[in-house]
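Take a look at the structures below.
What follows is a pair of complexes built around subunit A, which joins subunit B in one and subunit C in the other.
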Partner chain A sequence: MSIRAEIKYKIMKDYGAPALMALQDFKRRKPRPIPEAFGPPLDSNKRLKEILSRHYFLSRYARGVNKVAWVTSGAPVELLRAFDFYTIYPENHSALVGAKKQGADYCSIAEGSGFSQDLCSYARIDLGHMLSGKTPAGKLPKPDLLFCSNNICQTVLYWYKAIAHELNIPLIHFDAPFVTTEQTEADINYMAQQLQDMIPILERVSGRVFYLDVFENILKRSMETSRTWGAILDAMKAQPAPMTIFDAFGHLAPIVSLRGLPVAQDYYHILMEEVDTRVTQGIGAISDERYRLIWDNIAIWYKVRFLATFFAERKMNFVTATYTNAWAETTGYLNVKDPWNSMAKTYGQIILNNNLKHRLELMKKMIKTYSVDGMVMHSTRSCKPYSVGQFDLRKAITTDLDLPAVILDADIADERVWSEQQIHTRLEAFCETLEGSKHG
Partner chain B sequence: MMIPNRKEYLKALANSGQKIMGVLPALYPRELLWAFDIHAAEIWDPPGEILHANAHLQTTICPIVKRSLEFILKEPDIINAGYLFPHTCDSLQNLGTQVKDLIGVSLPVYTFYNPKGSFNNTTTRYYRDILQNFQLSMEAVYGPLAPDKFLAACVLSHKIDSHLMAIQQARMTDHLSLNNAEYFKLMRAQEYLLPTDYLSLLEQVDILDQPGESPRARMMVSGILPPTPEILEFLDELGVSIVADDLLAGSRRIPKFPMDAPVSPLDYLTDRFFILPPCSTRGGDLDERLHHLSKHMNASQAQGILFDIVKFCEPELFDHRLLVKTLRGKNYPVLTLETELENHISGQDKTRIEAFTELLFEMVSP
Partner chain C sequence: MADLYFAGVDVGSLSTDVSIIDHSGKLLSETVIPTGVNGSEAAEVAFDSAIKLADLSREVITAITATGYGRASVAFATGKTTEISCHGVGAHQLFPKTGTVIDIGGQDSKVIQIDSHGRMLDFTMNDKCAAGTGRFLEVMANRLELDLDELSSPLNIEGESAPISSTCTVFAESEVISLLAKHTPREHIVHGLQRSIVNRIWSMVASIGIEGEVTLTGGVAHNRGLVVLLEEKLGLTLNIPENPQTVGALGGAHIARRAYQSSLELGPN
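And then the complex of A and B:
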């Protein structure tokens, strides 16, 4: 650890980051007008932006103070927190690039260097960033370590392997066997042992010693944060729902990328309080909620505003999503007294690492408990584990629950895949069916 | 050397009462199936038009997955003991649960997880556990496993591996009088012949005492499946020999070096899995794969390499860029073709192959 780097980091933390926040506040003096179809925006949005901006801003100064790790969204990051790694989530960063409608630019850089256009756009954006240094976040630190788990897809392993080779840095992979029926004792032992095997490597890379009590506290915090996130999502059972799922796509960022840190824990308490107040006061996220929808798959980041407005104008609100639920669903397995096995159960059974029977049952349960009237599935060419099986899931749900459903062919972050006319036609037809089914 | 037709052979086997399991790509403990008297008929690229699978899968899913599903949806009589989905990639992973849990087929569906990433003692122990769990799932249907049959199956597998290694070596050094089409037909016959029949076939292969005539040019091929028969025949016409391969359906399923004869089946199968060549689908190390490719390019004196990439195959596409970049850096000519496993060769691909082989010819006699 360098004293100079530490002083610089402290100055930026105490003075630089607040100055940046003030500047952002100044720029936001004239907020964009809110369309009539929406209710009042969440006050927590401001705090969310502050937290994320601060995290990305301070990451520039992290090297020399903490070791930097690039981590996948489903990886058991709590272990890294015990070694004080400064974590960056390339998926989160790629979503940010996508939301700014810059995905195609970054993808083109990766494609120009030889990566296929058929690869996941999160990966292509990240590789484009790695090859060019471009980022809307100003600057991102180069990693000292890569940490991935194939519990969300095998793609992350291939992707991180490519980065590890390019940057010549270590990659730690947490192999999470796919749950075809249920986790076996062998699966749990395997994952638990892998986590313990990682400790000496993490000690070597970070230069820090592992303390079980520190790790247990982090785990406890992570567990509590995920529970709060789950409770926030539960609050959307209220009619009208206090948030839309498009809000939740944004508010998801801390649970994904700051999980295990006090800042995420504190943030969700603030959001929970606001959401609870809105429920008590009957304040809805859209001004006249007549229809309630479920979203399946990752967001279409470059069209979030378009989709939010399109549906809100038709009095339709997305009140739940398989995607946002993923960071709350398996938290119940975490147990501080049995950290390794419980982490194996938590991280091994998340939706994308679980069979489609499980997913179907989960979706049916969500549809019932959130009083859902219709379903929109995003079939994304970037994510095979999320998309392969959707046609049959849709068929099962429409047949068993008599629920209108539509599939949108698009991509998570590469806006070149979006076909405005085709999507519009499908959405209009879906809305007509939905209106007919509820009133017909 | 007569190699029976796949469809007719399997049909005759099924009619004779043989238990046949349809197995999807790529790595699975075939020896355990054999020990239960189950024949493994591998499903990689069944021919024919894709009609029904399109109702279940997106357009951006790889043709191996689509063709496999099309085959399964037809509920062919030749498969009577169920389907096995080894864990190979995201698409095959999901296809397994899609077929089992959503589409539903009349036969049982089994899965087999292959560990991913870098391997150590923890992985080795786990792989052994997976084998034992798979054995238990088979025993639940077919009764207790006979230890002597299990050992005999491993001995048979060991003999097949030994022959394949010798044949590969002979191929690299021109000690084999088979053209490209014949060679890969022989390699792929293991996908559907009974192991005893396949061993007999391998025993008939004539390995020459002295090197035969050298081809006009020598090439290595990398990818999932061998190039289509049309491409192989075209290369034969041009006088180019594929002298080594890095194919998932080929040498990536044969141990890197000879193993001792099996004594304990579980130990043997565990050891065998971990000495397979590096493979994208197992999340293998890129440096190790590069080293493996370079070694085989050198040993076979291949002048260039053909990457025959199955469309939308993520594991291969991620590794591809670095492999191409590094091999070009070593002055190896590289050609990449993308295949949807159709039974024809496009005019464009033909021209590209011709241009590529011209380059190889120039390297041989500048």
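And then the complex of A and C:
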């Protein structure tokens, strides 16, 4: 740790970041008008933006103060927090690039270096960033360590291997056996052992010592934060729902990338309070909620506003999604008294590492408990583990629950895959089916 | 009720079709013209010509449904519905026992399930690529220097047809170029192309399932060779409308008629 870097970081934290926030406030002094189809926007949006801007802003001064780790969304980050790593989530960063409609630019940089267009766009955007240094966040710190888990896909391992090779840095991989029927004792032991084996490596890379009580506190905080996130999603069972799933896609960022930190824990208390108040007062996210929908798969980041408006104008609100639920679904397994085994259960059984039967049962349950009238599935080129099986899921759900459903072919962050006219027709036809089914 | 007329205007990617019906649902006239570069102009021209054919004037048309890709550009329409719903209703009008509609249009293919009133229950569509559509056949006809009629013949070829991928029009076109370079007989290539579309449609049918009678709509239904192969693959006889291209417009006209009738039932308010 260098004293100079520490002083610089402290100045930026105490003065730079607040100045940046004030500047952003000034820029936003004339808020964009809200279309009539929507209810009042969430006040928490402002705090969310502050947290994320601050996180990315301070990351550029992190090197020399903390070691920097790049981490995948499903990795057991609590362990890294015990060593004070400054964590960057390339998936979150790629989603940000996608939302700014710059995905194709970054992807083509990676493609120019020989990475296939069939590769996940999160990976291509991240590799494009690494190769060019480009980022809408100003500047991102180079990692000292890479930390991935194949509980979300196999691609992450090869993607992170490419970065490890290019930057010549260590890569830790948490191998989570796929749950074909049920998680076995052997699976749990295998994962728990891996986590404990990581400690000496993390001590060496970070230069810090592991303290069990520190780790347990982090775990406790992470558990509590995920539970609050789950409670926020539960509040969307209310009719009208206080948020749309498109809001939740944004509010998901802290639970993904700041999980285990006090800032995320505090943030979800603020959001929970606001959502509860809206439920009590009967304030809906859209002005007139007539139909309630479920979303399957990752967001289409460059079309969030388009989709939100399209559905709100037709009095349709997305009230739940398998995607946002993923950071609340398995956290019930976390147990401070049994940290290693409980983390193995939590991270080993997340939706993308679990079988289709499990996913089908989960979706059916969500459809019932959230009073859902229709389903939109995003079949995304990027994410094969999420998209394979959707045809069968759709068939089972439409048959068993008599629920109208549509599949959209698109991509999470590469806007070149989007075909506006075709999607439009498909969505309108879906709405016609939905209206027909509800009004017979 | 004697003087009520309804129209459906289907502005598709390749053709613009108009159907006009009277209050009883009787078809009075139909027109099909190429859409060209200006959808709203094509809609005007096709509409005027259908009106003339029916010996009517614009003012007497009570309600008009616009459908197809250019539905938003039909300024004179009184309502808009997707071509998916329209093909369902149109197929139901022509063949009331229809439970499944396969529509192979200019740039889209769809499989639609409908109920006993022609209302859409479920549907599936091809993804972004135009493989398995009318556009695909046009590209290939051009490459093979054949007109669309020549590409439509049912063929009894000896041996296997030329294998052609069904995933991408551009790749399929380069496959055709290589086959030509290898002096593969043209009828083997044509047979391969028909089979390629059938395979594409088959996977959509498999994903949604078949209910009731199956009606084939859209311009590609003119391709007799493809119909033979599709019937063979599905193991059933398809209902083929006399004018498969205008089924969407016909459905549109009936939707306009139904909407008008239900507005009457609901009363003036």
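To be clear about the criterion, the second predicted complex is superposed on the first by the 440 of 440 C-alpha atoms of A that agree within 3 Å, B and C clash if a C-alpha of one lies under 4 Å from a C-alpha of the other, contacts with A are read in each partner's own complex, and residues count from 1 in each chain.
Everything below uses one rule, namely that a contact is a pair of C-beta atoms (placed from the backbone, for glycine too) under 8 Å apart; a residue touches a chain by one contact, two chains touch by 3 or more.
As the structure is a computational prediction, the values presented were derived from the model and not from experiment.
Colleague: Touch check for A:Ala231: first (subunit B), second (subunit C), both, or neither?
Modeller: A:Ala231 contacts neither subunit B nor subunit C.
Colleague: Considering only the touch criterion stated at the top, classify A:Cys120 as touching first (subunit B), second (subunit C), both, or neither.
Modeller: Only subunit B; A:Cys120 stays clear of subunit C.
Colleague: May I ask you to name which of subunit B and subunit C touches more residues of subunit A?
Modeller: B
Colleague: So, does A:Met21 touch the first partner subunit B, the second partner subunit C, both, or neither?
Modeller: Once the two structures are laid over each other on A, A:Met21 reaches no partner at all.
Colleague: For A:Ala5, using the defined touch cut-off, is the partner it touches subunit B, subunit C, both, or neither? Pick first, second, both or neither.
Modeller: A:Ala5 sits against neither subunit B nor subunit C.
Colleague: Mind working out whether A:Thr433 is in touch with subunit B, subunit C, both or neither, as first, second, both or neither?
Modeller: Touch status of A:Thr433: second partner only.
Colleague: Looking at the overlay, does A:Leu401 come into contact with subunit B only (first), subunit C only (second), both, or neither?
Modeller: neither
Colleague: In the superposed arrangement, does A:Trp159 touch subunit B (first), subunit C (second), both or neither?
Modeller: Touch status of A:Trp159: first partner only.
Colleague: Considering only the touch criterion stated at the top, classify A:Asp409 as touching first (subunit B), second (subunit C), both, or neither.
Modeller: both
Colleague: Touch check for A:Val263: first (subunit B), second (subunit C), both, or neither?
Modeller: It touches nothing on subunit B or subunit C.
Colleague: Is there a shared patch on subunit A that both subunit B and subunit C touch, and which residues make it up?
Modeller: Subunit A residues touching both partners: 391, 395, 409.
Colleague: Touching residues of subunit B toward subunit A in the complex: what are they?
Modeller: 55-58, 60-61, 65, 87, 89-91, 93-98, 100-103, 111, 113, 115-118, 120, 122-123, 125-126, 129-130, 133, 280, 283, 285-287, 311-312, 314-315, 317-322, 324-325
Colleague: Give the list of subunit A residues in touch with subunit C in this complex.
Modeller: Those in contact with subunit C are residues 391, 395, 398, 404-405, 407, 409, 417, 419, 421-422, 425-426, 428-429, 432-433, 436-437.
Colleague: Sort out for me which residues of subunit A touch subunit B in the complex.
Modeller: 113-116, 118-120, 123, 150, 153-155, 157-159, 161-162, 165, 173, 175, 177-178, 180, 184, 186, 189-190, 193-194, 197, 355-357, 360, 379, 381, 384-385, 387-393, 395-396, 409
Colleague: Give the list of subunit C residues in touch with subunit A in this complex.
Modeller: These residues of subunit C touch subunit A: 69, 81-85, 108, 119-125, 127-128, 207, 209.
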